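Below are structures written as structure tokens.
Same chain, two partners: chain A is paired with chain B first, then with chain C.
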Partner chain A sequence: MTDMVVTGNPLRDPKKIARKYFAVALFAVLVIYIADTIIIEGTDWERMGSLEEVVKTMLFFLPDFSFFPQTVVPLLETVLIAFWGTALAVVFSMPIAYLAARNITPLPWLTYPLGRCMIVLSRSTHEIIFALIYISALGLGPLPGILALASRSLGFMAKTTSEAIENVKKGPIEAMEAVGANRTTIFFFGVMPQIFPIFVGNAIFQLDINIRRASILGLVGGGGIGLMFAEVMQNLQYDRAGMIVVGITAMVVFGEFVSNRVRQRLV
Partner chain B sequence: MAVLEISQLKKTYPGGELALKGVDVSVEAQEVVVLLGLSGSGKSTLLRCVNRLVEPDSGTIVLDGVDITAQDKRTLRRTRCSMGMIFQEFNLIDRLTVLENVLSGTLGTTSTLRGIFRAFRQEDIQRALALCERVGIIDHIRKRADQLSGGQRQRVGIARALMQYPKILLVDEPTSALDPKIGREVMDLLTEVARELKIPMLVSVHDIFLAKNYSDRIVGLQGGEKIFDQETRSIETEELDQIYHEAG
Partner chain C sequence: MTAITDQAFLSYRDDERRAGIIKFVVTLLFIGFGFWSVEFLNIPIERLLGMFGRLGYMISENLFPPEMSYVMEQRVLDSIIETIQMSILGATIGTLITLPLAWFAAWNVTPSRAFLYPLARGIIVITRGMPTLMWAMVLVAIFGFGPFAGMLALVKETIGFAGKLMAESVESIDMKRVEAIRATGANDFDILFFAVIPQVWANWIGIIIYNWDAQLRNSTILGFVGAGGMGLYLREQISILEYHTAMAIIVVIIGLVVLSETVSHYLRRRLY
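Presenting the complex of A and B:
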């Protein structure tokens, strides 16, 4: 290295190189320190025992396929929670998107910040927190799960839709103004057809994500497959838990497959 | 009596750009008037002031004896129903079919509910089909508007404007987005239908050839001011060339 520096290559300024190596070294020390404190110190190695025991414990989770029939209904319930959560979000995101799109919002000084506020509120809160709020209000079951997913997706849908509205071509809107159309029909003819593909694409994307989200809502009492997973874990039925994991994976992969196909068709 | 009487029209854009400096233009019944000028001469602004897509600062615009500069939004919408506009970039709704685009010309006189569900009246559909036939796009009515060529798209724009039973057609650079041959076809069609249906037209154009061949009268605009206003028959090409010279 030092030989190269002596040649005076401007790309190899010795000061810069020294600084770079120093930064890498510092980073390495930091990583080792973190690994030491939170993995090596923080783990109960005694309790974990030998490698043989670890493998044995993991084998508890080998799926019990005879449990499969009992998982079907909760899995379907999960898909339905995701579906209804997304559907509600799609419907209620439209008026919010209307308020939060700077170019069409009816009263810019009032409705625009209102729409933006709702979007931020929805996007900054985790679905588990929404679920806990709705569960304490409505009790256990799929309904609070649906509302939690809807509340979470609402912001994303409203945000992407309002941005699509802000980016529409002006020409068709101008043409609709020129034929004497009113605000509502201008929206349905000048704006809607332009944002439609983006809107549908995002709705499918949310459905896809909501299937994942729905599968863990049960852990806090939001219904669906997560509830069953929490139950079998509490009863130490690890083989059944393994089966549920396989089921969730299959469901998610299937959901992704379907949503990809639909989205391709759309574009 | 003139169908359209524009007097002392002034417009300054928010940026301070002076677009129109007090222009008078009138359009008689069944007359084709061309606004000739370079880009920036104010011809698009003038056209857009007529249906108040652009709000003029001062001056009056009288359509069929009614001053529309003073109209409130509601009345203005009703007035717009009787003015057909044709655009340089066609301004069609790309994802809707050709027939739906033509029918969108009736939106001003169709109820909101019918509009939302695209449930147009039977007589409007009949008329739309007849107009599609007339402008030569009847074979494409089920296609999406974005599948058509430029010339066909402008024909859809013409049919949409005619759907309005317009008292006047406002035509903004109808051929600028088209190649010269297609552009002449569109101008031929436009002047033919206007004559057939006895609709006067105010057309903005930057091409002297088009101005001379398709108009009854030419109004020259330069830097927001009218520099000539003559019958096309009596005008010499040299006079028209003025629009290409910078204002002294």
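Presenting the complex of A and C:
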């Protein structure tokens, strides 16, 4: 028994503590070095001028509320772009989720990695990049914006759906197999009812995020409120730009509030 | 006996019929909404049909193969390093601001429900609502071109993103420990350090690392509006229609994102 006596608290192993402090110190040095290069060397403080001038520029952005009526139509356009982008993503995420769910994928060695690869590509590419590719193929307008949002949401939808499919209860599926149902029937009547609430919740969540994403697509020519924002910024109408920022923020916050409420109801 | 079954059947048939009508009306409304939005957004449907040919041509001829030698140029390499630096600095400063905000914005342990809670919640909600790229444009107009404006945009993004997650993790702690410490006469700071932080620390570290990963993703794009980083060269190359070099930058961006995801996944696994 005596040889089982614990000598010292393993959480207070001096070597581990030393390593932890070393890592923290290393990180601190790195941050200070970066702060030096970005804030001190990388910034043109001369051009920015004094603090007073900075505050004066900031005050240009005080929103001009009389501009509000003109922002209503672009805001509505933004919401519609977000809606159709999400709708397309919902439709096209189903087959990808089917490929990327380990338990139902038809050819595990081929289709599973394929589905996963598509998910990673969609999730790791910014919507602006998708928008640029679609715009160069389709021209300006809301259509490339919708497609860009759809491509961006696709990955998240397919990922969460395929994870939900992987976690379905086995009982109903085995029962259907026992009475001789084929794969398609099992998918539609055994798997779908189980994942449906999760799926709808995620779709609403994506709609809410897509409203935020849609608002910047216009900066590269993807339609919506971003186009107007880019325009007023170019014309140096900063008070109007301030109004647009306020409008978008209000819309996004409202959308998030509604989506949270609806999702709480669903669960 | 038969009357009861008849009645049941009739009410069942009525329900079915009603459900059918509702489904029909909803479908009709949806189709109407679809047509209306196509009209409203001026979407050229005929262009959609010819899209795949053009998209295929675009990808096979213009985008591939990416001209990777462009990325090896010194100025582009510098901008890639600047992107990473911006993300680290922005995430760090943002996290330092977020730590107290997350404490204030958690309803169960906030030091002042009347004043600090709504203030912190308001800051988090508003910073979440503003799109980063627009915020970056505003900051560029105020502070001039360069990574400083981009870094501030990332700070704003961190407050909204990490602030919400951190406050939520504080709100889900076990309140018994808080009560036990409060019973000994502890003040708000004691509660924070001895009841809240020990419970959420592991979670917070995970959020901080995840947030850095998200900020690196954002920082690759900020250059688009002149807020520092490699996005500037992406915009430049696309505006002069040099798609091969633009694609090289996109490949680097995707590589960076996948790399940061791997690093953040590895760090979170090790720390838990």
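Note that the second predicted complex is superposed on the first by the 234 of 267 C-alpha atoms of A that agree within 3 Å, B and C clash if a C-alpha of one lies under 4 Å from a C-alpha of the other, contacts with A are read in each partner's own complex, and residues count from 1 in each chain.
Following the convention adopted for this analysis, contacts are C-beta pairs under 8 Å (C-beta built on N, C-alpha and C of every residue); 3 or more make two chains touch, one makes a residue touch a chain.
Only a predicted model underlies this, so the values are computations on that prediction, with no experimental measurement involved.
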Exercise. Looking at the overlay, does A:Ser215 come into contact with chain B only (first), chain C only (second), both, or neither?
Worked result: second
Problem set entry | Partner chain(s) touched by A:Glu231 [first = chain B, second = chain C, both, neither] | neither
Exercise. Looking at the overlay, what does A:Ile248 touch: chain B (first), chain C (second), both, or neither?
Worked result: second
For this session: Please indicate which partner A:Ala175 is in contact with in the superposed arrangement: first for chain B, second for chain C, both, or neither.
Result: first
Exercise. Between chain B (first) and chain C (second), which does A:Phe189 come into contact with in this model arrangement: first, second, both, or neither?
Worked result: first
For this session: State whether A:Gly141 touches chain B only (first), chain C only (second), both chains, or neither.
Result: second
Seminar exercise, completed: Partner touching more residues of chain A, chain B vs chain C, is chain C
For this session: Kindly classify A:Glu163 by the partners it touches after superposition: chain B alone (first), chain C alone (second), both, or neither?
Result: neither
Seminar exercise, completed: The shared contact residues of chain A with chain B and chain C are none
Seminar exercise, completed: Listed in rising order, the residues of chain C that touch chain A in the complex are 37, 40-44, 47-48, 51, 54-55, 57-59, 62-63, 82, 85-86, 88-89, 92, 125-126, 128-135, 137-138, 141-148, 151, 217, 220-221, 224-225, 228, 234, 238, 243, 246, 250, 253-254, 257-258, 261
For this session: Under the touch definition given earlier, write down the residues of chain A that touch chain C in their complex.
Result: 30-31, 34-35, 37-39, 42-44, 47-48, 54, 57-58, 61, 76-77, 80-81, 83-84, 120-121, 124-126, 128-129, 132-134, 136-139, 141-143, 146, 212-213, 215-216, 219-220, 223, 226, 229, 233, 238, 241-242, 244-245, 248-250, 252-253, 256
Problem set entry | Of all residues in chain A, those that touch chain B in their complex | 171-172, 174-182, 184-185, 188-190, 193-194, 196-197
Exercise. Within the complex, which stretch of chain B touches chain A?
Worked result: 51, 53, 77-81, 83-85, 87, 89-96, 104-110, 112, 115-116, 157, 160, 164, 170
